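Supplied in structure tokens, the structure appears directly below.
Naming follows writing order (A, B, C and D), and every chain is counted from residue 1.
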Amino acid sequence: MRKICFVVTSRAQYARNKLLLRLLKNDPDFDLKIVLSGSALLSKYGEVAEDLRKEGFDSIDELYVNLEGGNNISMARTTGLSILEFTNAFQRIKPEMVIVIGDRFEVLAAATAAAYMNIIVIHIEGGDASGTIDESVRHAITKLSHIHFATNEMSKNRLLRMGENPEYTHNVGSLDIEFLDYVQDLPDLSFVNEVGVGIKIDINQPFIVVMQHPVTTGEDNLINIQATLKAVHGLCVQAVWFWPNADAGEFVMSRALRIFRESHKSYNIRFITNLPTEEFINLLRKTSCLVGNSSAGIKECSFLGLPVVNIGSRQHNRLAANNVVNTNYDVENIKEAILSQMKHGRYPPSHIYAQADTSKKIVEILKKARPPIQKIFFD
Amino acid sequence: MRKICFVVTSRAQYARNKLLLRLLKNDPDFDLKIVLSGSALLSKYGEVAEDLRKEGFDSIDELYVNLEGGNNISMARTTGLSILEFTNAFQRIKPEMVIVIGDRFEVLAAATAAAYMNIIVIHIEGGDASGTIDESVRHAITKLSHIHFATNEMSKNRLLRMGENPEYTHNVGSLDIEFLDYVQDLPDLSFVNEVGVGIKIDINQPFIVVMQHPVTTGEDNLINIQATLKAVHGLCVQAVWFWPNADAGEFVMSRALRIFRESHKSYNIRFITNLPTEEFINLLRKTSCLVGNSSAGIKECSFLGLPVVNIGSRQHNRLAANNVVNTNYDVENIKEAILSQMKHGRYPPSHIYAQADTSKKIVEILKKARPPIQKIFFD
Amino acid sequence: MRKICFVVTSRAQYARNKLLLRLLKNDPDFDLKIVLSGSALLSKYGEVAEDLRKEGFDSIDELYVNLEGGNNISMARTTGLSILEFTNAFQRIKPEMVIVIGDRFEVLAAATAAAYMNIIVIHIEGGDASGTIDESVRHAITKLSHIHFATNEMSKNRLLRMGENPEYTHNVGSLDIEFLDYVQDLPDLSFVNEVGVGIKIDINQPFIVVMQHPVTTGEDNLINIQATLKAVHGLCVQAVWFWPNADAGEFVMSRALRIFRESHKSYNIRFITNLPTEEFINLLRKTSCLVGNSSAGIKECSFLGLPVVNIGSRQHNRLAANNVVNTNYDVENIKEAILSQMKHGRYPPSHIYAQADTSKKIVEILKKARPPIQKIFFD
Amino acid sequence: MRKICFVVTSRAQYARNKLLLRLLKNDPDFDLKIVLSGSALLSKYGEVAEDLRKEGFDSIDELYVNLEGGNNISMARTTGLSILEFTNAFQRIKPEMVIVIGDRFEVLAAATAAAYMNIIVIHIEGGDASGTIDESVRHAITKLSHIHFATNEMSKNRLLRMGENPEYTHNVGSLDIEFLDYVQDLPDLSFVNEVGVGIKIDINQPFIVVMQHPVTTGEDNLINIQATLKAVHGLCVQAVWFWPNADAGEFVMSRALRIFRESHKSYNIRFITNLPTEEFINLLRKTSCLVGNSSAGIKECSFLGLPVVNIGSRQHNRLAANNVVNTNYDVENIKEAILSQMKHGRYPPSHIYAQADTSKKIVEILKKARPPIQKIFFD
């Protein structure tokens, strides 16, 4: 049995990797250990550890790192603290391999700790291009990792250009899409009115979903969210607006949302902090248009053929299907783009991020993978 | 004036970058701040801070990080702690740019902190290939950096392949070579007998220099150093042997050297912990052959045309001139290689790492450089 | 000149120690260095560093520690992180003495770092008794400190009982009271309606002030704040209610306040996060009664002769004058106590915490103090 | 079952608390968890974790903290780092009670973390007086602790004077003495010649044991160890000399020992880093005199009636029996004291630190103990 350690950094990430986690747990070749860190341990996001135990995952290590968001210093410091904790966890667990996903600071921390400790680092979702600090961090993680599971062909090619070993660089499609496809339809969307504040959404009428996250690298997050607010408010359409995530810039954005709420007697928006992944996917399936700068617009919505208005630089250069209309933070441009996308309606589904059996492919590849600890740049 | 922060992590690094530091200090366009960290603050390596102040550098910030070596965990943990300290230092100093050099864990820490804090990261010596964990870390630093000064054309090309911006990727030659060329000849080498233990070196007779550092990624450092010891001991030639540096593996290597010393009544070796850089360069100029796995064998010795026996994987794939003979850790192979290199004598100097005015070129480029904080992958 | 380092952990603390700071800055015997830490660096509490520089204090070191509140783990972890940062700061500054005040976790951290580094620790406000974790932490700081400035005779005696050196244990009165006495009357209290939310306070009518902070050691902070809310809401009197401070338990208390606000159409309360110290003191001077568990009720209000309703265990055993009525968290008891105190009106001022020239006395004592670094228990 | 967490910080500490650990493990009222930290995890001191598992202790959590010694900064910083790690460990384990022993920085860290987390802190060996920083730290730990097990009546009284709750303050004698009494006689002492360097000890002839540890608070450790070396070297008696422990000052002391060894062709000393506790106790039983500043001279040797020459301030004020002769660091005084003690020979055993069934008493008391989390100063 090969000891393999799976790093879970958020509730959503756990949800979306459930299929892969189950396969690893039930495979006699692997001894699965789970390390929970970051927001996965914040009680306001729900008890992920408890859910995992209910599903039969019992080798869980919990790393309580001071997680605070809202500015650039705290992202850097949390990275440093997380390295300390991951080092201790890996020393206790002594895994042969560590699986990390994405481009968050906890992931850079886990990859750094594992790389120095001569543990094989398996990185999922490498090679993507984007904006914000994630762009730099994602590629730095790549260079610390031994095995790569890209979600699309363009990203795989980028990994190879960066000198990664072709034998250990694979495009297996996106776990998010695999899970999206697996989630069953819920009978109705009434859950959306049971959380958050603002108007009651009439789920039989058209509504849009807004997800606008901070850009940490110098964009004016305040002016940008005000532009989107003004555009959405100016349209006569219901909107479900998700709270920004906890990167640098979240503080000014959250305050802008609060000020908007307090300074308008009536408006057409329901504000929601977050939803369980299954409910979120059901919401996406029914919305008329996704607006903002979330990667869900590029990835999940390509598969759903859902109209997307992608604003600003955050998803810059990420492989997109033709369901996406890009725009800048000009109020009129945003309004126009939303109207035109709502008018257009559904697009044909794209498979740029989709493959059958993504989880199964990953497990099959890992079973045979014995990469050398010493990495070599493939010129 | 643009505030620029120079990260110094060791006494040797300070010595070799003196020319660049002076130019930056005297340039009216720049407000130079120095951050000392890592072994630059260990008193056993001398008081770097004091030397800097004597030379007129007075904006110095000192970061005392628990620096311990000798194992993989401590390298990882020191990275984490260093991020905490660099974050605080950069927050106090608020520089526009940070200069980092090389591939040590302090450097990854400084680059991570600066990148998250939207400070322009300038990386010197990126793009090289090598063995040990440095290989991964060096490229991770590249992906967190905005401006690159490679020391050779092959490395510059590797940086471009990795998606770095051609406008901010330069080959300016090696600062180490520029400094090597600048250092004056000392009247004699008697200093070598004033430090360390072992035989007295007769500086009028041929002698070799041995520098064998740990490889952190799974090589058997103990067996390897024993092989080199046996080979050098078996030859009838004087040897100056430098203590291994403080990476993971240093502990077993140091012990092997001690056991050798205690178990042999007589031998042909002088063991030295370290030398001031100027003295070290003078020693190199007079030695018959450099043996081991130090990058000095590849870089400095290419310019000196000095015969080098490079053993094992540590410098794997690094651009080398024809002064280098590679061998594995077989005792007979090492002996044979040393004898053949000593017989061969000097090679013609190579300029693969050498350019005129390296420091000046760096300063001129930095004066005009205004890279965007948001990095983009150049496909 | 003896280098003396003053640790400032909050805006309020800086304000209240202004007189002492000025004396130290202007005294030729001392070279004053200031270290800012904790909430003194949170921008939401205002830029303390900027204010200090405006007043001519220019030797300032800033320690950015991940400060998060709201639970017991974060208090412990912040203590650990703060020790790391204070160690580095003291190493840079190399003070002969460090002054710390009170019983917060940053103070324990500073005292621990200084004690291990053989720096003389001067502790102000030691020897008090109270509830919450502060009780334990305050006495632990005492046992790490070399010179003590108690604020009252009972506390001085407690310090002596704990084995402290009588030669270095002084009762000089409270700096808070000295500052209180120094603050000038403001022309009116209209500032109170310029911050916060809730009713507009009619400053010509009677009003009470409520300050209820978390108790970290097992009391039910939620039930307690609900009791006080119910009591205050049930009385026909205007109230200025200060937000709880950021100790463990703050989260549930803040939420209770928010829920109260949202579920009541009208109420008699104005909620305020905080006020500049001068304004706060002016507010105290005019209020009819202070309600809650703040030490200001015991200390400042003793000198003002202001009626106080002190609820619960947080100030348990702290020396109090007869202006204080103690009660438990029973709604009827709280109401009754407030009414009876408002009816009673002012008490004669007490001098249990008050002495003339507190700051001057401290400076004079410090000038001559040369305590041995090695502490001895005085049996 | 009440979850109780036992903090083990060194191999010796584990050995000496074996009886208590066994009782707790086998008691149905307790669910014993062990946290290993500090030098207990340094492989050069042997694998404590492995030994524990062999003895059937299987709930073990390992905290790898950067442990480096030799200076005051590293002691402070290690305290900070240890608080971070203990916080995480206690959060994972969620114990009702934590047991800590002694006065080391790891112990202060564990007590601080537990106190902030509202875990009952049980402190063994509180109330002693001594020199070095341990004096301050020990009493700080007391003030953070809820239940106290002093080893002697004088210490118990000191705890009460410091305001501790009489109901939870007990004198149960020393666990070290209980274990000393329990250890069986080994057939011979030949083990002493199987470790370390220097002369072969003739175990049938008289020999002394020297244990001189650093004093962290300003004594001149170098001059002091040179004095003891000169005195011991000047006497015609065999000596077993134990290496100093890793507090601030250890570096200069170790170097002095090395220089002594290298500069003397012949001498009468065997230098030993450490011995298993059972062997150490057997060595003590046979030695003619213990020389230096170890607490073993005061505690263990009182029970053995062993002549002790206690030098300098390190044990200042600690309760001692009449087997101890105190002296300063004057060479002639040390020589004279050793000769006079060797001439005197054994003293009658003292029971100032000895009680029957110490471990059992502790367990019985803990079974019934339900101290309030909120401490109160007992005036």
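Quick note on the criterion: contacts are C-beta pairs under 8 Å (C-beta built on N, C-alpha and C of every residue); 3 or more make two chains touch, one makes a residue touch a chain.
Every value quoted in this text rests on a predicted model; they were computed, and no experiment measured them.
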Over-half contact-pair match to A-B, picked out of the listed pairs B-C, C-D or A-D: C-D
Most remote chain, CA-based centroid, reference being chain A: D
Distance from chain C to chain A - Cα centre to Cα centre, in angstrom: 43
CA centroid of chain A to CA centroid of chain D, Å: 51
Distance between chain centroids, defined by C-alpha means - chain C, chain D (Å): 39
For chain A, residues that touch 2 or more chains besides their own: 64, 73, 77, 81, 84, 87, 91
Touch list for chain A against partner chain D, complex: 61-64, 81, 84-85, 87-88, 91-92
For the chain D and chain C complex, residues of the former touching the latter: 72-73, 75-77, 79-84, 86-87, 91, 105, 108-109, 112-113, 115-118, 129, 131-133, 135-137, 139-144, 158, 161-163, 216-218, 248, 313, 316-317, 373-377, 379
